[in-house]
Amino acid sequence: MVPLSWYIVLSAIVFSIGVFGFLARRNLIIVFMSVELMLNSVNISLVAFSHYLQSMRGQILVFFIITVAAAEAAIGLAILIAFYRNNPTIKVDEINLLKG
Amino acid sequence: MENVIFNQLSYPVLTWTVFLPVIGAVFLLFMSSAQVIRIATLFVTIATFMLSFPLFKQFDKTTHMMQFVERHEWIPSWGIHYFIGIDGISILFIFLTTLLSILCVLVSWKSVENKVKEFHIAILTMEAGMLGVFVSLDFFLFYIFWEAMLIPMFLLIGVWGGTQRVYAAIKFFLYTLVGSVLMLVGIVVLYFAAGRTLDILVLSSLQYSLKLQFWLFLAFFAAFAVKVPMFPFHTWLPDAHTEAPTAGSVILAGVLLKMGAYGFLRFSIPMFPDATRIFVKPVFILSVIGIIYGALVCLAQKDLKRLIAYSSVSHMGFVTLGIFALNAQGVEGGILQMINHGIVTGALFLMIGMMYERTHTRVIADYGGFATLVPWYAGLFIILTFASIGLPGTNGFIGEFLILFGAFKAQKLYGVLAATGVILGAGYMLWLYQKVFWEKPNPDYAASGHHHVWDLDLREVITLAPLIILIFWIGFYPEALLSFMHSSVEHMLQNLNTRVAGEGLLAQLITEIF
Amino acid sequence: MLKYTLIPLLPLISFIINILFGRSIIKSKAHWIAIPAVAGSFVLALSAFMDVMAGNVININVYTWILSGNFQVPVGFLIDQLTAIMLIVVTSISTLIFIYSVGYMHGDGGYYRFFAYLSLFVFSMLVLVMANNFLLLYFGWEAVGLCSYFLIGFWFHKKSAADAGKKAFIVNRFGDFGFGLGVILVFLTFGSLEYTQVFSNANIALGQTINILGTDVDLITLICLLLFCGAVGKSAQMPLHVWLPDAMEGPTPVSALIHAATMVTAGVFLVARCNPLFSLSHTAMNTVAIVGGVTAIFAASIGLVQNDIKRVIAYSTVSQLGYMFLALGVGAYSAAIFHLYTHAYFKALLFLGSGSVIHALHDEQNMQNMGGLKKYMPVTYAVFIIATLSITGIPGLAGFFSKDEILWRAYLGGELGRGMWLLGTVAALMTAFYSWRLIYLTFHGKFRGTHEKEHHLHESPKVITVPLMFLAVGAVLAGYVGIPPLLREHGDRIGEFLAPVLGHPQGEGSHSEELMVMGASIFVALAGWGVAYMMYVKNAELPKKIGSMFRPIHNLLYNKYYVDELYSKTFVQPILKMSDKVILGFFDAKIIEGIVNGVPNLIGAFSRQFRKVQTGLLSNYGLAMALGALAIIGYVIFMR
Amino acid sequence: METASTITLAGFRLIIPELTIICVALMLLLLDLIVKKKGVIAAVGIAGTFVALYGTFKLYGISEPVTAFSDMFVLDGYGNFFKVIFYLNVILTICISLKYMTVEKASFGEYYALLLFATAGMMFMASAADLIVIYLGLELMALSTYILAGLMRKQLRSNEAALKYFFLGAFSSAFLLYGISLTYGLTGTTNLKEIAASLITLNLAENPIVFLGLIFLVVSFGFKIALVPFHMWAPDVYEGAPTSITAFMSVGPKAAGFAVMGRVLFDAFGGQQVQWNSILIPLAVITMAAGSIIALAQTNIKRMLAYSSIAHAGYMLLGIIAGTPGGLTSTVNYLMIYTFMNIGAFAIIIMLRREGFQGENLEDYMGLAKSHPLASALMLIFMFSLTGIPPTAGFVGKFYVFLEAINSGYVYLAVIAVIFSAISAFFYLRVVMYMYMKDPKQEVVLTTSYSMNFALAVTAVMVLLIGVFPSFLLNLVRVSILG
Amino acid sequence: MTLPQAFFAYIGGMIVVLSLLVVTRKNPVHSVMWMLLLFVHIAALYLFLNAEFLAAIQIIVYAGAILVLFLFVIMLLNLRKEETEKRFQRQWPFGAGIGVVLAVFFVLIVGKIDVIPPLGQYSIDAIRSEGHIMTVGKVLYTEFLLPFEIASLILLVAIIGAVVLAKKRVE
C-alpha cells in the first residue's frame, strides 16, 4: 500500500517546481506552463485525498480545475496574442511599461 | 436627563444658529453675481449673529448646567445622539464666532475677487463648523465638526492665500490632522471605557483608571496642543497665519486657536482629573516656554503677519497657563483671554489685511511714518497694540492679569516667568508700531508717492468698530463676560477638586504602567 | 458721589471729544475743551480738599470691576488727606500747564492731539491718586505710562522721540512687572486689594515667609520690594532711571507736567500710600532709602556736566525724586509728600521756564549755544532765579522747607539715616552748582548762538509767562505749610494734616542738631552757588581746564556713567541677537521646522525608494508573492 | 457525510438574482448582434441589474440563512448585502463607462456582458458555502475581469495590464487550490460549516497542515483584495486597464475577496482566530504602510488611487482582525462606503479623458476648479472622503472599523491606522491642491453624459448622506450581517 | 517495497523529472513535449488511484486540448530567436531558492500527513460497482449542480474572451 503522504509530498514537490518555473523563466509560455504544472500538482493531491477519504469531492474538484484550466488557457493565450500584436515579445523581463 | 436644561425657546435655537450658515452656503450655490453673493453672505452671517442673541438674553447665569439643550437620536446603533447645548464656557465663543464671521465677510468685500462664490461658501461652512464645535455635547458630533472645519480652512489658506499658500495649507492640514486622529483613537477608547456612550456629560461624570486617564490625556493633548498651538507644536501657525487671506487669518486667530484650549476645558480637565494633576507641570512649562519663546521670536520678525502670528503663540501660552492653573481666576482669565485674543488679534489681522490691500507688502521695513499718512488707521492700530500688550482699560489686561494671578497662585515660579512675557510683549508690539507708524514716512506711500495709501473708509471702520468697542467694554466692565462663566467654571473646579485622589499620583501611575 | 467721580471724568470727556473730533472739527480750538475740563477738575478737587479738611474721608465704590472666584476688585475712590493733597497738586499744575501749552504748542500740527493726550493724562493721574485699591491704582499707573509714551513720542517723525517713547514704556514695564506681582501677592496675602482692608490687616503678614527657589523670604518684605519695583520704574530711580532724560524728547509742557511735577512722583505716592506695609519691613525701608539716596547723588553728579538744558533739569528731577525716596526710606512719609508738593511747583517752573527759553531760541536746547538771555527775557529770567533759589534750598523759599525736613529726618534715622543725610547734603551741593551753572550759561554772558537766532530773541507771550508767574508764586509760598517746629510752633501743618494717613515721623533730636543740619544745607547751597559763580562768571576758562584735568571723570559723568551703553550691551543687544539668530534662526527654523519638514521628507524619500520595488516585471511580482507566502509560513508555523 | 441528493428545483428560487444577471448577460450578447447603439445595451444591462436588485430585496425577507444545492449555496443577509454592493458597482460602472469606452475605441457589446458575468461570479462568491463554489465563482469573476482589463486591445498598456493580471491571477489561483486541497485532505470536506465542525471533532485546531491550508487561502484572497505583498499587480493593472474597469476592479473583486475571506475565516476557521490573526495583523500593518507611503510619490492619478485602494484594504482588514461579527460588519460597511467614494473619484478621472488627452496625470488637474468648479467640488468631496475627513462617508467607514478594532483590544492597530491615514491625507490633498490652488496649464474639456452625471450625483450624494446620516446604512448592514 | 510502491516510485520519479524538464528546457516546443509525457504519467497515477474518468479527461483535455493550444500559440508567434537567448531571468536564483525552501517546508509540514477523517461512502468497491464515470456523473449533476453550471459560464466567458481579445476586427 502506498501511504497518502507519498502522494502529497510528490504533489508538493511538483508544486514547488511549478513555482520555480513561474519565477525563473523568461518565456511567458513556459511561465504559463509552470502554472499548469502547479494546477496538476494540486490535482494529484486532490485525487489522492479523494481516494483515501473515499470521497468524490476531490475528483469533482479536479474535474472543475481541468475545465477552468482549459478556459484559462484560452483566455491567457488570447491575451498573449493580443499583447504580441502590439509588442512582439513574450519575454517576461521585457514587459515593464507599467511600473513604479 | 435631569442635569441639563432643555431648550426653552419655541424653536431649536442652537440648531438654527449652527446650520443657518450651511443653508446659506447651499443657496450660494445657485447665485452667480459676485456682489449678490457678498450681500447674501453678509446677510446670512448677520442673521446668524442675530439668531444667537436670544441665547444671551435667556441664558441662566446662575447654573452650571447645559442650556438650550437639544437631544435627538442620531446613530442609535452606536448610541450616538445629536446632542447640543451650551454652558457658560461655550456661550461666549458662539458670540465671538458669529461676530467675527460678519467681519470676515466685510473685510473680504474688495480683497477677494477670485472664486468669490467658493470663498463665501468656505466662510459659511467654516462658521457652521466652528459653531458646531462649541455647541456639541456628544463627542462624536464634536469630532465631526472639529475635523470638518479643516476642509474650508484648508481651502481658504490654499486658494486665496499668499505666495507660499500651498505649503502653508498642507502643513496646516496635516499638522492638525495628525493631532486629531490620535484624539479619534482616544475617543473610541473612551467610548468603550464609558460603556458605549460618547455623551460628554456622562463621560465627564465617570471615573477612569489612572492609567487610562494618562493615555487618553496624551491622546487628546496631541489634538488640542497642536490646535492651541503650544510650543513646540506651533510652527504650522506662522505659516498658516501669514499665508492665509485676511478672513482666514482672522478666523484662525480668532476662533480656531481657541478650540484647543476649549478642548482642554471641555474634555481633558473634567474627564481626566487625575491625569490633569500630573500634567499640570509639563503644561505649565510648555506654556511659559511658549510665552517667552513666542515673544522673543517676535522681536526678530520682519514680516507683519508673522509677527502677529508668533505673538499668538505667546498669548495662547497665557491661555493654557491660566487654564491649567486650575483655579477660578486662572480658568476664567484663560477663557476671557481667549475671547480677548480673538478680538484683538482678529482685529490686528483685519487691519493688516486692510493695509495689505493698499501697499501689497507685509515687510515691516517697507512701512514707516504711517501715522502721518493714515491717522485714523494709526489711531485704531495703537488701541489694538495696547490691548495686545495688556494695558489696563483694555480687555487684554483683565485676561492677562487674571491668568497671572491664577498661575501665581498655583505655581509662583511660573507666574513670575510668565509675567516677563508682558515686558517682551510691550517690546515687540511697540517696536512694530514705531517702525510702521512713526519715524519718517516712506515717500513711496505719501500722497505724492507711487502707491498712495488712503485712510480707512466707512466699511472698514464699521468692520473694526465692534471689536474696538469690545476692547474697552471688556476692559472696563469685564463682568459682562465673566458673569457668564462663573458658575460653569466653579462647577468644573469643584468636580476636579472632589475627584482628585490626592498626592502621589505620579508614583501610582508609574507603578501601574510598569 | 458724582462730584468725586467727575474729578477724573471731566478730563476723560475732554480726551474723548478731542481725539474723536479734534482732527476734523475742533482743530486749533482744542484747548477750549481741555482747559475748562481740567479747571473744573481743579475746582472739584478743591471742594474735595475742603471736605477732607472738614474731616471726611471719602471712600466710594462705583462698580465691581473684576469678579472671579474670591477675587473681587471694585472701581472705587478713596479721598483722604494724602489723596487730597495729590489732587490739588495734580489739578492745579495741570491747569497752569494747559494754559501754558496754548502758547507753547500754538501752530503745531498735532495741537488737538496734544490736548487730548494731556487730558487723558490728567484723567489717568487722577485715577491713580484717587484709587481705593491696588488694581485701580495699577490702572492709573499704566495709563499715565501710556500717556507718557504718547507725549514723549509726540513728534513721532523724529526717530529719537519715537525711541524715547518706546524706551520709557518698556523700562516702566520692568518696574510694573514687579509691581503687578506685588499686587497679586497682596491679594493672596490679605484677601483683598482695597487699601482700607489691606492696611488694617497689615499685621497678619508679619512673620510669614514665602518659598522662592528654595529660600524662605519674608513675605512682607517681598511684597514691599515688589511694589517698590513699580515705584523705581515710574519715578526713574536707579537702576531704571534711564528713560527719564530721554523723555525730554517730548514737548516741554509735557516734561514739566509729567516728567517733573506729577507722574514721576507716583512712585513716591505709592510708597507713601503703602506706608503701613513698608513700616513693617526694615529691609524694604532701608532699600527704599538707599535707592533714594544713591539716586539723588548719582543723578546730581550727572547733572553737573550736561549741556542740554532740559536734561540738566531732568537729572535734577531724578535727583530730587531720590530725595523723596530717601525720606520715605527713613520713615518721613509726610516729608516726602511735602517735598513732592513743593518740588511740583519749582520743577514745573524750571521746565516751563526752559520751555520759554527753548521756544525763544526755536528749539535750541544746548546751553553752550545760549547765554546772555536775561536782557531779552526778563520775566523768564526772574522766574528761573526764583525756581533756582527754591530748589537749591535758600531759606524762605518752598524748597528750603521740604528739603530741610527730609535731611533732618534722615539725620535722625539711625546709622543708615546718617549716611543718607551725608549723601543728601552732598547732592544738595551739586544741585546748587548745576542749577546756577544753568542760570549762568543760559542767561549770563554773551549770546553764543547764531546771529539769526539772536535776531529773533524775544520774551514769550503772556499765555506763557502768566502761568510762569503763578508757578513762581507757588515756588515761593508753597513751603509755608510745612515750617519746621523749630522755627514756629505747629508750623508743620502739612505733616499734621497727613498724619492720619502717614503717621508721625519717628525720632527726636535736639534743637542744636537741627540747627546744625539746617546750617549745613544752607551752607552747601551757598557753596554750590559760589563755585558756579566762580567757574562760569568770574573765570570762564575754568570749566574747560577742570574738564581736561579730570577728563576720565568728566567723560564718565558726561556719558551718564555709561548705563545706557551697559544695558544695551548686556541686555538689549544680546536678547535681540539671541532671538534673531538663536531662537528664530536656529531653533525655530532649523530644529522644530527641521523635524516638522524632515519627517514628511523622510516619508517622501521612503516613498520614492519603495516605488522602485514595483519594477513592472511580472516575475518580480510573483517573487514578492511567493516570498510573502513563504515568510508567513516560516513566521507562523515555524517561529510560533 | 456526503449524500447523493436529488435535484431540487426549490434551490433555484434562491439564485434568482444570479440567474437574472446571467440571463441578462446572455441577452446582451445576443442584443449586441442586432442593436448598434451601445446605449441600449447598457440600459438593458442596468435594467436587468435593477431586476436582480429587486430580487435580492425580495429575498432579504428570509431572515434565517437558507442553503441550497446540497449546502453549496447559502442565502443570507451577509451575501445579500455584498450583492447589493456588486449591483451598485456594476450599475455605476456601466454609467460611467458608456461614453468612455467610445473614446477609448473599445465599445464592444461584450463589455457589458462581461461586466455582468464578473458580477455573477462575485455574487456566487458572496453566497458560496463551499470552497468549490468559491473557487469557481472566483474564476468566473477573474476570467471576466482579465478580459475586461485587456479590452483596449490596441493599447499596449491595456494588454500588459491584462497579461500581468492574468498571470499573477493564475498563480494565486494555484495557491488557492493548494489551500483547498490541504483543507479538504484533512477535514474530508469542502463545505465551510462542515470544515468548522470537522476541525473540532477531529481535533485539528492546532494542526500545522490545516494552518498551511489556511495560509494559502489567505494568500489567494489577499491577492484579490490586494494586500501587501500580494498587491504588486494592482498598481500596474489599475493603471493599464480601462479606467472604468479600474473602478470596477477596485471595488468588485476587492469586495468579493473580502466576502469570501470573511466567510471562510469566520464560518470555517472561526475557532482559529488567534492563528489567522497572527497572519493578518502584520499583513494589515504593512498594507496600510505601503499603500499610504508609496502613493505619495505617484504622479499618475490612477496609479495613486491603486495604492490608495491598497491602503484602504488594510483599514478594512482591521474589521476582520477584530474577529467579531461586529468587526465583520464594520468591514462590510466600509466596503459599501468605499464603493461610492472610489467609483465617484474614478468617474471624475474618466471625465477628463477625451480624444487625444489621457487626463491621468496630476498636472492635468491643475486649475480644474477654475474651469469646472462643480466637477472639482465633487472630486474634493471624494478625496476628503477617501482621506476619512468628516462629514463624509469615508469617516464613518473608518470610525466603525476603528471602533470594532479597539473593541477587540487592538488599540495599537488603530493608532497605526490613523497615523497612516493621516499620511495618506497628503496625496489626496495634493489632488485638491492641484485643482484649486494651481493655475491651469491647458484647457480641459470634460466628457460628460447623462449617465455619467447620474453616477456622479448618486455617489456624491451618498458620500455626503452617509457621512451625515450614517444610521440607515449602519442599520442595514447590521441587520444583514448580525441578523 | 511492495509492487504498488515500486510503481508509485517510478511514476512519482518520472513526474518530478519530467516537471523539471518542462521548466528547464530552452525550446518551448520541447517543454510542451515533455509536458505531454508528464500528463500521461499523471493520468497513469489517476488510474492507479481508481479515477479512470479523470485519467481520461487528463489526456483528452489537458494533453489533447490545452497543450495543443500551447503548441498552436508557440507556432503562431513564431519564436525563432528564442533558442539563442537566455532561458532564465536574472532573479532565477531566488526562484530556485524559493522553490527549494517551499519544497522543504512542504515536506516538513505535510510529510507526515495521514487520513484521519471518517471515510466517505465512495469506497473503491462502491465506485467499481457502479462504474467511475457513472458515479462522477451522478454526483456532478446532483450534488455539484451549481458548480457545474458556473463552470459552464466560465467556458462561455472563455469563448467570449478569446473572441474579443484575439479576433481581428474591422473598426
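Per-chain numbering from 1; labels A, B, C, D and E assigned in written order.
We take it that a residue touches a chain if its C-beta (ideal position, glycine included) is under 8 Å from a C-beta of that chain, and two chains touch if they have at least 3 such contacts.
The structure displayed is predicted, hence computed values, not measured ones.
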Which chains contact both chain B and chain D? C
Quick one: point me to the chain whose Cα centre is farthest from that of chain E. C
Maximum inter-chain contact count - chain pair: A-E
Closest chain to global C-alpha mean, per-chain Cα centroids: B
Rounded to the nearest Å, the gap separating the Cα centres of chain A and chain E is 7
Roughly how many whole angstrom separate the Cα centroids of chain A and chain B? 65
Determine the centre-to-centre distance between chain B and chain C, using the mean Cα coordinates as centres, and give it in whole Å. 37
Per the centroid of Cα atoms for each chain, what is the distance between chain C and chain E, given in Å? 103
Give the residues of chain E touching no fewer than two other chains, as numbers and ranges. 89, 91, 94-95, 98, 102, 106, 109-110, 113, 117, 120-122, 139, 143-144, 147, 151, 154, 157-158, 161, 165
Hey, what residues on chain A touch two or more of the other chains? 4, 8, 15, 18-19, 22-24, 31-32, 48, 53, 55-56, 60, 64, 68, 71-72, 75, 79-80, 82, 92-93, 95, 97-100
Check each residue of chain B and list the ones that touch at least two other chains. 174
Taking the top-of-page definition of touch, could you list the pairs of chains it picks out? A-C, A-D, A-E, B-C, B-D, C-D, C-E, D-E
Under the definition above, what is the set of chain B residues touching chain D in their complex? 74-78, 115, 117-118, 140, 143-145, 147-148, 150-151, 154-155, 158-159, 165-166, 169-170, 173-174, 177-178, 181-182, 184-185, 188-189, 191-192
In the complex with chain E, residue positions of chain A that touch it: 1-10, 12-27, 29-30, 32-34, 36-37, 40, 43-44, 47-48, 50-56, 59-60, 62-64, 66-75, 77-82, 84, 90-93
Which residues of chain C touch chain B once you look at their complex with the stated criterion? 19, 23, 63-71, 135, 138-139, 141-143, 146, 149, 153, 156-159, 162-163, 165-166, 169-170, 173-174, 176-177, 180-181, 184-185, 187-188, 210-213, 575-576, 578-580, 583-585, 588, 592-593, 596, 600
Mind pulling up the chain D residues that touch chain C in the complex? 163-164, 167-168, 171-172, 175, 208, 211-212, 215-216, 218-219, 223, 228-230, 232-233, 235-236, 275, 278-279, 282-283, 290, 293-298, 423, 426
Note which residues of chain E are touching chain D in the complex, please. 106, 109-110, 113, 116-118, 120-122, 138-139, 141-147, 150-151, 153-154, 156-158, 160-161, 163-165, 171
